[in-house]
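The two complexes that follow have chain A in common; it is paired with chain B in the first and with chain C in the second.
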Partner chain A sequence: MAVTSRSRLSQTQAAWILLAPFLLTYGLFLVYPFFQGLWISLHDWNLLAVAFNPDAKEYVGLRNYERVMWGRNIEWSLLAAPFWQGLGLAGLALAAGLHWAGRMSRFNAVALAVASVLLIVIPGFHPGEEGRWYDRRFWPTVGNTLVFVGLAVPGVTITALALAAALNRETRAMGALRTLFFLSQVLSVTVVTLIWQIMFSPRQGLIANVTDVLGGSPINWLTDPQFAMAAIVIATIWWSLGIAMILFLAGLQDISKDIYEAAALDNARGIKAFWYVTLPNLKRTVTLVVVLQIILHFQVFGQSHLMTQGGPNDTTQVLVRYIYQTGFRDSELGRASAMAVFLFLIMGAFSVIQFIVGREKS
Partner chain B sequence: MNRAYYWLVFALSIPAFLWLVPTLWMVSLSFQPNEVLARTTSTTLFGLIPIPFTAENYAALFSFGQTPWWFLNSVIVSLGMTLGVLAVSTTAGYALARLDFPGKTAITIVCLIGLMVPEQAVFIPLYTMFADLGWHNSYHALILPRMAVPIGVFLMMQFFRAIPKDIEEAARLDGVGWLKIFWHVMLPLARPAMMTLAILTFLYAWNDYLWPLVSAQQREYFTITLGLASIQSNFAQSEGLGRVMASGVIASLPVVILFLIFQRYVVQAMTVGGSKG
Partner chain C sequence: MKHVLLTAALAATTLATAAPAQEVTLGRFFGACEDAGTDTTASTGEACIIQSIINAADAELDGITITTLPTDWGNYYDQIKAAYAGGTPPDVHVMHRHRIPEFAGLGALGEISGDLESVGIDPGDWSETALAAVSYNGGVYGVPMDFHANLWHVNMDILAEAGLVQDGKPILPSSPQELMAHAQQVKDATGKDYLAADFAQFPIGVRLVLALMWQQNANIFTDDGTATIDTEAARNAVTAITQLFDAGLADPQLNYADSQQAFLNGETAILVNGTWVVDFYTAEAAKEEVGLDTYYAADFPTLFDTGATWADSHMWAIPSTLEGEDRMAALKVLAFINDHNIDWARTGHMAVRTSVVESDAYKALPHRAEYAGTAAIAKDTPPSARYGAIQDVLNRELQAIWLTGKSVDDALSDAEIEVQDLLDR
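Entry: the complex of A and B
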């Protein structure tokens, strides 16, 4: 580094030179496509027709959104989905009550209230007399995605938390066990689906082979509407346990040993200590892991696409697969983009939550 | 170490073994003859031990079929993407962390917003854009889109921020230019963070499925992940179960080896990648 004269580049010039490669790719391959996606969603845009003739698209305003999410004679009533709306009302009451009694912070109360209001409003829409949804598959697909998230997220979180609590010791044996539980995480989605397709096969599958020996009759996991979703959830839990477990282990390490010693003096050991000491101190990590998993699993595609092809009877059809099919099988890029914008809005909302929770930590 | 500890280890090794069984089964099936597997997969101990044994599936895989070619594609795409991401992330991360210039805050915020955009929200416009350019079915089509993801920039930015200022200031007093400080002083210090980012990117690239699925339609440009998806739908009839499983093992080998060697970095990379984007 033989330097004799002062550099001719000012700090600003150097900064822009260093930033240029990233900003160029960022602008070209993320910012531009993002706005282009909004633009496409406002058009009647057939993939093949536009590829052949760039003028073959037609501006239709918000019609794609209407055709995807709305219908004829859609009405709203409080009793359309009594279970979910009832749950929403209960949540609203709980938020008000707990906040009023001083048992819940304002932030949590507002979050619970917002979620409850959404639960009351959204399931309330339904087609009235002579009415129907324009796209009969969209909302059931969103529902399936939510069911998948609703099963996979608690499944992963609870298993990972239990394992992390048990494995939280710096010994060689525990390290080896952690490695075993983490290993499946590095496999690709196609390897995971390959393994589990055959695991679940009623004729060749390991599960069927074991039940056969035990004298049971094999289950058609992937083709039975009752079991297909469970099957892809099981494969997903097996696959994605690792990250959650590692994040929990990191969270556990932040809890000071003194608290446990103090708790031990009060006779809180083992499960009791876990319940009264570990869990309350791990609240933030749990929230972070849950939000992270929601973002991750809401984008599920490969498991459904490769293991069940969305079937049987659309019971495992999920949002990203529906976007993919609408765009690339049906060539309806406009409608597919409208759904992608819908997906982005949901993901964006959860990213904001994740950001806020992550900030609180540091 | 007391008795309770050994009981805990023993109790935990049962679920740990069950967790390993699906992977073990794939490896074991890949070493069994296809004729036997067509009849039953439950040979020795539910097929978990490869007896009767054969290595023919692997030999067949390398003598014909496209698996070696797909494997090579994956190596090229993953290494290309890793180098690309490292290049744009270290430079931009350093500029945003250590240099002062007008518009810095605005750019940081614009990049932060980019973390919220999932791949699935932009893959359709990316597809039409690359189609207009005639870029599909090429390596750069598989590599370029991921370079735009700002997660690496934030990772490097956080790392550079933590380096004490006086190292840089000493070099400045000697009259060294900013770009030289970046190249000769900061980059060597950033090796651990670059390692984490490299592994994060490599794993992502190797396992990515959705973008290769829409971009690479010609089988010559399939990555191994995509190729494996294309042969698993009709695995039993056309290729033989043992051979498909051998492809699965080959497809997993690099990431598993990477994981076993660099476990610490992989765990760190996935934690960072997981909690930030």
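Entry: the complex of A and C
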């Protein structure tokens, strides 16, 4: 008896042994590179120069962050960006009002207030007289990324939800359609962008041909500053609605039929049933999809890189593409890492939100 | 059974040691060509001509096998850089002359002046400018393959309809005012656009503006690193082009593929593009179903004082880390490519070897005589390790002018500040 118990591992030991392969890979390929990225961001680090001479790097502290995010004579004022700051003030008032009136939970009120304060503070910075941003592309690029996320996330969520609701029936045709709509998701970004470049082409493209038939003049989607961002958002929605649709379908199948029957007795059918029964029951799935999409789309790269090359005039330049250009084209690994750390903080914030929301009791 | 396997294994090892095939990895752009074959005299287009030369080298060079790496354009230099940084650069790779300051400056490229003769390359046969193109700080860092430059590709039928052809040659403008007049003449006579180019993505528009600045003996920065973009010369160059857009005689929104399509469809009289498409357009013009019928490749016209057109050079380099047999094998591949300079010139590019330029075969290449003046007016910006980023700044600011309506003054002063930042870094 004593012999067997000695040769057996305790539960903790077993757990560590079973976890070891994962922890090792995780540490080696995620934790270590992450801290190395932080380390690089504190250096003037030329990609090629350091490869040929490891001493070619120089410790510069936080200068990369300053050079990327700050400028000369930067000032803050409440009227620098009236629209955004006004929106922030309104949000703040709304959060306070609704919370006091008891119409909003404390968590939601705090979340709205934090978002509003950020809206008031961040757009308020601007270069004063004789001042300038050191890197004039960084903040516009962050802005473009936010616009992309702001368009793509609702776009994907709403389209996927509508499709899921329409296809949530147990017939063979619906099964086939579900597969069809999911298919685009398995394509790689190169294929997706190729398809859509052809679709958007003002000469051979399907869209141009349709507008031609309708008597309009074709739009140069990818080179018109008003349409370029819309074009990559459309391609993105088409590409990434599959997973969201599957998540919604899973959520829909969890809703008990009894509720619909009860609702039908109260004369709630069709759109009404969707609004009063389906949506409230899908709340958690919607939150999950939205947060996952936000984290995913902040990392957008391929669509902008392959379809518009960030153009025209940087209107579709996004953060990851700028990091890539700075790191590889310009060889400035230190600056690129500083931007990557910034991106990490944004996505980290949304991951924390997802974590908190996920733990909230329904 | 065991015995058989053992013998087979032994035989395989002896074979391998008897003829050690030296493997050479090769990095290039120009795009993919699946069935290039090994006949270097029959292929058309950059991708297929270069691949047929590589395939022929693979077949004809004893004991050398060549593996061509992926041939994508857009991210080529990023990939090469990452490969160098990771310590696994290709044994042989193509690059542009304008990248030499960056790569050779860091010690990435092998200095090969002492090895050229041993593999049968005669640098004395290279033209002076070709030797200068591959030289850096007194060393030779590559084997030049061509000069390429912007041309005016002309649809002669449209110009003839507008009365702009004389003695079988196009009448091209000699001032910005004349450019405008010709464009209006074409519009009135045919309803078609005068000029197309990729003004929206690939930096052909930048190269156009640069050429027009050089024609006024100006440049975007000086040799000592001072940006000079917010100048009268730049304004003249930009407005020479924007006047066409403003009058609806050219479309700034076409990208590379669309502008080329517009030219091939016969929708525009002139296409500004490089020498690399001369053989392709010649082949297209011969087809019944293509709108372009009478094709002419003209020198970039002089709209100001001095003739100038944007030009660059393709060259082949090897990494400085390559040694011994690997280095020898790589040099033999360079020599093979150098020997096939006439085949590469079929693309439309200008050859770098004097013996080739003076040969009858070269002079007889289609349209060659029409742009014989280009070699003399070829120009580029002063060398800089930040060439790529500087081109990108200009591309963005010029696009802002003609695509988003930013004022010329704002765009030029913004471009000057950003280029100065890059030069100071």
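Simple rule for what comes next: the second predicted complex is superposed on the first by the 337 of 362 C-alpha atoms of A that agree within 3 Å, B and C clash if a C-alpha of one lies under 4 Å from a C-alpha of the other, contacts with A are read in each partner's own complex, and residues count from 1 in each chain.
To be clear about the criterion, a residue touches a chain if its C-beta (ideal position, glycine included) is under 8 Å from a C-beta of that chain, and two chains touch if they have at least 3 such contacts.
Since the model is a prediction, treat every value here as computed from it, not as a measurement.
J.: Quick one: is A:Ser184 in contact with chain B, with chain C, with both, or with neither? Answer first, second, both or neither.
T.: The first partner, chain B, only.
J.: Which partner does A:Leu214 contact after superposing on A: first (chain B), second (chain C), both, neither?
T.: Neither: A:Leu214 stays clear of chain B and chain C.
J.: Should A:Tyr324 be classified as contacting the first partner (chain B), the second (chain C), both, or neither?
T.: both
J.: Looking at the overlay, does A:Leu79 come into contact with chain B only (first), chain C only (second), both, or neither?
T.: Neither partner.
J.: Tell me the contact category for A:Thr223 with respect to chain B and chain C: first, second, both or neither.
T.: In the superposition, A:Thr223 touches chain C alone.
J.: Can A:Thr12 be said to touch chain B (first), chain C (second), both, or neither?
T.: first
J.: First (chain B), second (chain C), both or neither: which does A:Ile195 touch?
T.: first
J.: Have a look at where A:Ala51 lands relative to chain B and chain C in the superposition and call it first, second, both or neither.
T.: In the superposition, A:Ala51 touches chain B and chain C alike.
J.: Of the partners chain B and chain C, which touch A:Phe344 in the superposed model: first, second, both, neither?
T.: After superposition on chain A, A:Phe344 lies in contact with chain B alone.
J.: Considering each complex separately, which residues of chain A are in contact with chain B in the first and with chain C in the second?
T.: Dual-contact residues (chain A): 47, 50-51, 204, 306, 324, 328.
J.: Per the contact definition, I'd like the list of chain A residues that touch chain B in the complex.
T.: 1, 3-9, 11-12, 14-19, 21-23, 25-26, 28-34, 36-37, 39-40, 47, 50-51, 163, 166-167, 169, 171, 173-174, 177, 179-191, 193-199, 204-206, 209-210, 212, 238, 241-243, 246-247, 250, 288, 292, 295-296, 299, 301-302, 306, 320, 323-324, 327-328, 333, 336-337, 340-341, 343-344, 347-348, 351-352, 358
J.: Using the touch definition up top, name the residues of chain B that touch chain A in the complex.
T.: Interface residues on the chain B side: 1, 5, 8-9, 12-13, 15-17, 19-23, 25-26, 29, 37, 40-42, 46-47, 87-89, 91-92, 94-96, 99-102, 104, 107, 110-111, 114-129, 131, 144-145, 147-150, 153, 174-180, 182, 184, 203, 206-207, 209-210, 213-214, 225-226, 228-229, 232-233, 235-236, 241, 244-245, 248, 251-252, 255-256, 258-260, 263, 266-267, 270-271, 274-276.
J.: Hey, which residues of chain A end up touching chain C in the complex?
T.: These residues of chain A touch chain C: 46-53, 132, 136, 201-204, 220, 222-225, 305-306, 308-309, 311-315, 324-325, 328-332.
J.: Using the touch definition up top, name the residues of chain C that touch chain A in the complex.
T.: 74, 77-78, 81-82, 84-87, 102-103, 106-108, 200-201, 253-255, 257-258, 261-262, 386, 388-389, 392, 395-397, 399-400, 403-404, 406, 414, 417-418, 425
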